[in-house]
Amino acid sequence: MSIDLILFLILAVVAVATALGMLLSKNAVYSALFLVLNFAAIAVFYLLLGAPFIAISQVTVYAGAIMVLFLFVIMLLGAETLAPSKVLRGQGWAAFGLAVVLVAETVYLLVSRHAAVGVIARPDAFLNTMDSLREIGKALFIQYLLPFEVTSILLLVAMVGAIVLTRREKGG
Amino acid sequence: MSQYINPSDLTTILPAIVLTVWACALLVADLFIPHERKGWTAVLAALGLVVSLDITLIQAGGTSTGFKGMVTLDGFSTFLNALLLVSGLFGVALAYGYVRRMGLERGEYYTLLLFSVVGMMLMVQASDLIVVFIALELLSIPLYVLAALNVRQIESEEAGLKYFLLGSFSTGFLVYGIALIFGATGSTSYSGIVTAASAGTSSLLLTIGAALLLVGFGFKVAAVPFHMWTPDVYQGAPTSVTAFMSSGAKIAGFAALLRVFALAFPTLTADLTPILAALAALTMIGGNLIAVSQTNIKRLLAYSSIAHAGYILMAFVPYGNPQVMPVSVAAGLFYLVAYAVTNFGAWGVVIALEKQGGKGLEISDYAGLFWKNRPLALAMTVFMLSLIGFPPTIGMVGKFYLFRAVIDGGFVWLAIVGVVTSLISAYYYLRVVVNMFMQEGEPQTGSEFWVNFTWGLTALMTIIISFVPQPLFAWASSAVLRLF
Amino acid sequence: MVDISYYILLSAVLFTIGAVGVLVRRNPLIIFMSVELMLNAANLAFVSFASMHGSLDGQIFVFFVMTVAAAEVAVGLALIVQIFKSRHSINVDEMNSLKG
Amino acid sequence: MDWTIWVEWLIKSLFVVFALLTGFAYLTLYERRALAKIQVRIGPNRAGWQGLLQPVADAVKLIFKEELTPAKADKLVFFWAPIITMVPSIVIAAVIPFGPTTTLFGRTIVFSVANINVGVLFLMAVASIAVYGIVLAGWSSNNKYAMLGGLRSSAQMISYELSLGLGFVTAILLGNSMNLHDIVDAQRNVWFAVVQPVGALIFMIVTLAEVNRAPFDMPEAEQELTAGYHSEYSGMKFALFFMAEYQKMIAISMIAATLFFGGYREFWFLKDTFLSVDAIWNIGPWQFQAWFLGPIYMLLKVVVLLFFMIWIRATWPRIRYDRLMSFGWKVLLPLSLAVVFISAVGVLVAQQFDNNWYLAIIPIFSSVAGLVAVGFVDQALRRKSYASH
């Protein structure tokens, strides 16, 4: 076993354990915190995969903004503990079936594609990837200009939507 | 030629760009429109839609790709963009009086609606999965907000939340599907996918990816078994929103699905055709059977819209057969028009009868409508017949084309399922008609010009197009041919 | 040197946990978090595949998914806050003003 | 990777941690003495000469104080919250360069713990997770005041993070790099605070809000919230919050110095003299670069910036919370956007004409934008409707 593999396995265990922790926690605050840890673990995976920009964006956007908002709303509403989970209308069985199918699929995927997929080249100096950062910038403004611009409209719409929902019209 | 942006990029999606700019300007202009005169916002929004529709029609016949192959302008997109813009106009017309009557009047209603239409148009024109994904979000997020707009009614807020949660759940499937497709082919553009797929590499990943994509879209177009959210959301949302989203979101979803499957996955026919056939059959059976027991007109129409998703899905089933496919896609497009027209008409009638606080929505509230308001009752009858597929209505013509295409493709059993479920559906649609004619009752009807206009116009269209369907079908066929 | 399929397997497991979370939990906040987990699993798959193909496109897609997730969170949390303000309960089970 | 690189990392990390810890200790003394002078008092001067041993006395007191944990508190989170607050305040200093790249003992030494090329993004990431500690402390205490403090701080920090990020963007644009070493080197001739004075000013205002210092110290406003998020903390756990606050002050001053005030580089009037960090000194048989001046210049700049923070605390009243939020969203954010836009245009024009004098349009136009913003605030305050929504 190489060091990389050991590192991967440790992080993978952390990622799965925190995901399960999120799923099983009774307290929504704990769920959110587990999810933050999970995102952090995934950010480390991004580093290992040679994507430092994505890794840092992951921390900034998910851990730094999205999950803080979640925590904020949970605390604001006092929604830490809601009534224990009740399984509705066979959704539990649906979930179980889905889980079995997806896991079977992935195992099959793993076994069948094991030969075909490549081994990741070790991202030697992931600390020195200014070039890739420039490449990402260029890609965003040349190849992916349209999605980039549409995303800005999307953010505008989300902002308008959130304000429309939470702010009542005067006298309305 | 600049490496960043060219005039041809802009003209490819010109109608969408114009509408976006218009919506942004409207957002600002709305601030200066006093609260009592929000009708002006509606008028301005409608004007924007008309301008965009104009440009779309002027561009008809042109083909181009833009933004490094991210979007395509072709007959297919022109046809559907025109349909979407007309749907937007109907959406504004139905909302105009309704939102004021229900006390929901806010300028942002129309702005959000315009942004949603922009998302739909981009989705129709997308030729890269990344654009499909973002356009899907752009069309969905305004709809989540609009569905929850009625803060006085808890049903509306819950509808918004349910729609949102299920919608983002389906987005998860969509994104994972795109990830797997990207893994299998190294590309997210349709041309890249099909190039890699015909080189014959790793079709399993691609198949799973396509299936997950189908799940994601299945939620959006409300196909059984991904339909659970539909009745609640359609019932809870303000009716004008429901009318718009039941047509617009469905058209855009099916359009993107058609383009993706026809252009990107022609190599996966063997794997996907049975799934699609099963999905279509399940959706028709499920939607129609549950609709039988409904007593609320909004829920009834919700299940009816699920069932119609099944009929439209039939158009996808023979997509791998190059001979039948153009006809079946044309039939699908025609049916989308038929569905949109009929659907807006039916919801228009619902709006005409709806009262404050969710009253006037039971089927029993329609009792005796014929004796009270004959034109309205006759229009509703036309729409119900069209939804059944009974002559002389556009629904009948649409079903005829669809069944013919499916039989040509060799799926006779599916056509039989379609006919049988249509017969089942006759039971509950006719119950509404019987109620209007045979029962005693004192229904209260509102009379707003634009609502009357909508149901009147759609009723006329439903009948007239059924007598002369050829031009429309020819247009749909030409649209499809240019897809390739 | 870790085989790329391990990463895909991990992302599939995370995706499954997220999907199960959506189906079994009733607290909309946790359902929503599960959706975020699903999106993250997809992102992990994207970055792995990008590194396998040696292209940046996968990373770009992740960038877009993150932005979209942020937009969704803004609207979703606004919806939840709004419902809570008018109901003081956000349990999906108790949402019985609409029949299932 | 040979073992010496580990030694180098170890030394540099120890240096940074040591600098922050002693810096914290003496910053408390510095603040108390400076506040006292401003308020015409004497301040702590008993422990040691001029009170220099005061921090030691404080530390001993805090260590031996009893630690209380509220009965209904969430024990686990309550325990971890101070630590979560503390760690980012140290980690954020890891990418800050405190000397020029030089050759020592035959190796090229880079004077920052981690010379990463996405350094600015790293700052952003760490700054954005710093809020967790405070929020969790507020929540886990099971105390309404603490909770409100936590909520306030999260809303405040998220809101001001936007302008903070735009401040980073300004520096990135002017420095044409995300590497902090490059940004500092780009200020060889002129500080970015001169090129973009409004950007620097916004950045400094925003950093005050980010570290919850007066006049933005809402989360612990004592008249309203007792002590805010750390109401229930005592002893060593409280000390950790205290440390985190002062370390954040130091770190954020270092960042401001790096991004806008030339970082470790000499003052402009010392350029090309023997006091420049690039100068080569010849003392007897030895010839070496004056790299050690870098940390000294850095220290000087940080001390001055810290003095401004203390000065503001001594003289400004606390802003009302709703005004704080509207100031962040309605004034600072649009102004930062304008500043970023103006900077981008200026850089582009300078590049097009290949003449750096065109950069002069940046301070001119951004000053105009700043004055317009001040005018709007003034108008709003006159109408007394500033806070109304």
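Each chain carries a letter (A, B, C and D) given by its place in the written order, and its residues are counted from 1.
FYI, a contact is a pair of C-beta atoms (placed from the backbone, for glycine too) under 8 Å apart; a residue touches a chain by one contact, two chains touch by 3 or more.
Keep in mind it's a predicted model, so treat the numbers as computed, not measured.
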item: Pair joined by the larger number of C-beta contacts - A-B, B-C; value: B-C
item: Mean-CA-position distance for chain B and chain A (Å); value: 31
item: Chain B and chain C, separation of their C-alpha mean positions in angstrom; value: 26
item: Euclidean distance of C-alpha centroids - chain A vs chain D, Å; value: 29
item: Between chain A and chain C, centroid-to-centroid distance (C-alpha), Å; value: 7
item: Of all residues in chain D, the ones touching two or more other chains; value: none
item: Residue list for chain A, restricted to those that touch at least two other chains; value: 53, 57, 65, 69, 76, 105, 109, 113, 143-144, 147, 151, 154, 157-158, 161, 165
item: Numbers and ranges of chain C residues touching at least 2 other chains; value: 8, 15, 18-19, 32, 43, 48, 50, 52, 57, 60, 64, 68, 71-72, 75, 79-80, 82, 100
item: Interchain contacts, given as pairs of chains that touch; value: A-B, A-C, A-D, B-C
item: Residues on chain C engaged by chain B in the complex (per definition of touch); value: 8, 11, 15, 18-19, 22, 28, 31-32, 35, 38-39, 41-43, 45-46, 48-50, 52-53, 55, 57-58, 60-61, 64-65, 68, 71-72, 75-76, 79-80, 82-83, 86-87, 92, 95, 97-100
item: Chain C residues touching chain A - in the complex, by the definition given at the top; value: 1-10, 12-21, 23-27, 29-30, 32-34, 36-37, 40, 43-44, 47-48, 50-52, 54, 56-57, 59-60, 62-64, 66-75, 77-82, 84, 89-91, 93-94, 100
item: Of chain D, residues touching chain A in the complex; value: 74, 77, 114-118, 121-122, 124-125, 127-129, 131-132, 135-136, 138-139, 147, 150-151, 154-155, 158, 161, 177-179, 389
item: Residues of chain B that touch chain C when the two form their complex; value: 130, 133-134, 137, 141, 144-145, 148, 151, 154-155, 157-162, 164-165, 168-169, 171-173, 175-176, 178-180, 182-183, 186-188, 232, 235-236
item: In the complex, chain A residues that touch chain B; value: 105, 108-109, 112-113, 116, 141-147, 150-151, 153-154, 156-158, 160-161, 164-165, 168-172
